[in-house]
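As written, the chain order gives the labels A, B, C and D, with residue 1 at the start of each chain.
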Amino acid sequence: MAPARTDGGPPGFVHARRLAIEWGDCDPAGIVFYPRYFAMFDASTAALFAAALGMGKAAMLRRFGIIGIPMVDTRAWFHAPSRFGDEVAIESRVTAFRRSSFDVAHRLLRADGTLGVEGFETRVWAARHPEDPERIRGVPVPEEVVAAFAAARA
Amino acid sequence: MAPARTDGGPPGFVHARRLAIEWGDCDPAGIVFYPRYFAMFDASTAALFAAALGMGKAAMLRRFGIIGIPMVDTRAWFHAPSRFGDEVAIESRVTAFRRSSFDVAHRLLRADGTLGVEGFETRVWAARHPEDPERIRGVPVPEEVVAAFAAARA
Amino acid sequence: MAPARTDGGPPGFVHARRLAIEWGDCDPAGIVFYPRYFAMFDASTAALFAAALGMGKAAMLRRFGIIGIPMVDTRAWFHAPSRFGDEVAIESRVTAFRRSSFDVAHRLLRADGTLGVEGFETRVWAARHPEDPERIRGVPVPEEVVAAFAAARA
Amino acid sequence: MAPARTDGGPPGFVHARRLAIEWGDCDPAGIVFYPRYFAMFDASTAALFAAALGMGKAAMLRRFGIIGIPMVDTRAWFHAPSRFGDEVAIESRVTAFRRSSFDVAHRLLRADGTLGVEGFETRVWAARHPEDPERIRGVPVPEEVVAAFAAARA
């Protein structure tokens, strides 16, 4: 089994979801086209927040007046490939909350339990700029959000 | 302008290509859905090798008997968003060749010349395993490939 | 509720699956970017065959010596949009088997039961050409496949 | 060469663009994953309007106060596959303007001039509903738009 590149940081609320690798996720080598993993991780982060906050992403954006949680920095290590028809699980958790940004770590596990992909991301809690709707800027992560993750962990 | 996170390493052959950000590349916040940048970078790496070797990716795979150049590790920093209708340029270069792997750095520049995204990737020069066609393994990067990049730089 | 454009043809085995509309499926108008519906339908056809045959697509390709079931003709009607966070169901069935091709109809139903999208497709049961592996050609749909759908309907 | 399924309707302004088929556009059979053709056609429709109107899609949406040109009905016939590394051309034109909708036809030609894919689409000129921003409704296609296409044809 591939050695993990991240330890995932301090213990926290972990959300796991299962998904099937589809034909359309794969490239001419027969394995997942790696940008698709980032799309899977993006949906996993949305599912993680939905589980912790008890509301979907659309409701979350409305509730907190944000436009999204855009990516600032993301990295992934590909330890072993997946193929169409494979069933995988993605485990996701927030590893750090800062003033207006936060980190998420993902682990994609293959059907046999081996580590397929690790992902790391830093995102911003972002709103439209009040004076220029074309611009986006970070705003403080609400205490209610941080508290919901702390409560979910317990 | 955002500070670059990478210096790009030693001087080398740089290939640049221009592309348009399309409606379908963008998300409900109106900016590029970040997995699409990885797809753009994947095509940029293919274009970089095509320019250095004087043959397209399909010809390259046949010529060297490989199945692809799968990703091992990739990272990107998102400094400033792009929107549909934007024209961007991506500059790409190999920053290191190792025995059976290599590194590529990408810089996506926006129309005004500011740095939008930086990407970094480590890939493997990969062939099917001779005893198990389901498996993929790294094989040595041909000297001819390394030499072509050195010649292209000159 | 939008009037259906297809009646779906004769009764047959129907496979339904539920899925969530993700942020990355949606465009700057906040609704699903329509090519994504075709990717969803492609996965639904794979799931339909998996349910009828009792094996996944990868196993099906190996079992019958085909390279895929490429699309010849596809059409979709978009009756009502879906947004990220929506839960939808896709009902799929084969409406006709011919010598080396077949038709599939899909209905995407929104959470409130209204018809969101209808899809229709004609695909070929395709193998590599024996004399030119670059070419693909239709081959007869195995009787076993047709029989499995008939049995699944019962 | 494959027989065309559409004659394209009356003569009109045709916009052509060239593009490269990328590795990430292709599936495990080594040919373009067909939903990608729809994404290519979507960008071709945007390029067609940009050429006729002399402004990009973002400027067009602002200029005419619309949210987009969502798809109502689309169909494609796949005559011959394309592979990564192929250079193709897409020719697009509006075949009909109606009160608040219009039709577009696309022809994807392969490097050898043969017809690869034909696409047909009906779209709506759409604005947000004034009383419910979650809803989208068709509004009249501006005379200025129809006139620009007529002038471009001349």
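One rule holds in what follows: a residue touches a chain if its C-beta (ideal position, glycine included) is under 8 Å from a C-beta of that chain, and two chains touch if they have at least 3 such contacts.
If you're wondering where the values come from, they're calculated on a predicted model, not measured in any experiment.
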item: Maximum centroid distance from chain D, chain identifier (CA atoms); value: A
item: Higher-contact pair (C-beta pairs counted), C-D versus B-C; value: C-D
item: Whole-Å gap between the CA centroids of chain A and chain C; value: 29
item: Centre distance in Å when chain B and chain C are each reduced to the mean of their C-alpha atoms; value: 33
item: Centre-to-centre distance between chain D and chain C (centres being mean Cα positions), rounded to whole Å; value: 23
item: Of all residues in chain D, the ones touching two or more other chains; value: 23-24, 27-29, 33, 35, 39, 42, 68, 84
item: Interface residues, chain C side, partner chain D - complex; value: 27-29, 31, 33-36, 38-39, 42, 67-68, 70-78, 81, 126, 136
item: Contact set on chain C toward chain A in their complex; value: 20, 22-24, 39, 42-43, 46, 56-59, 68, 83-85
item: Sites on chain D touched by chain A in the complex; value: 23-24, 26-30, 33, 35, 84
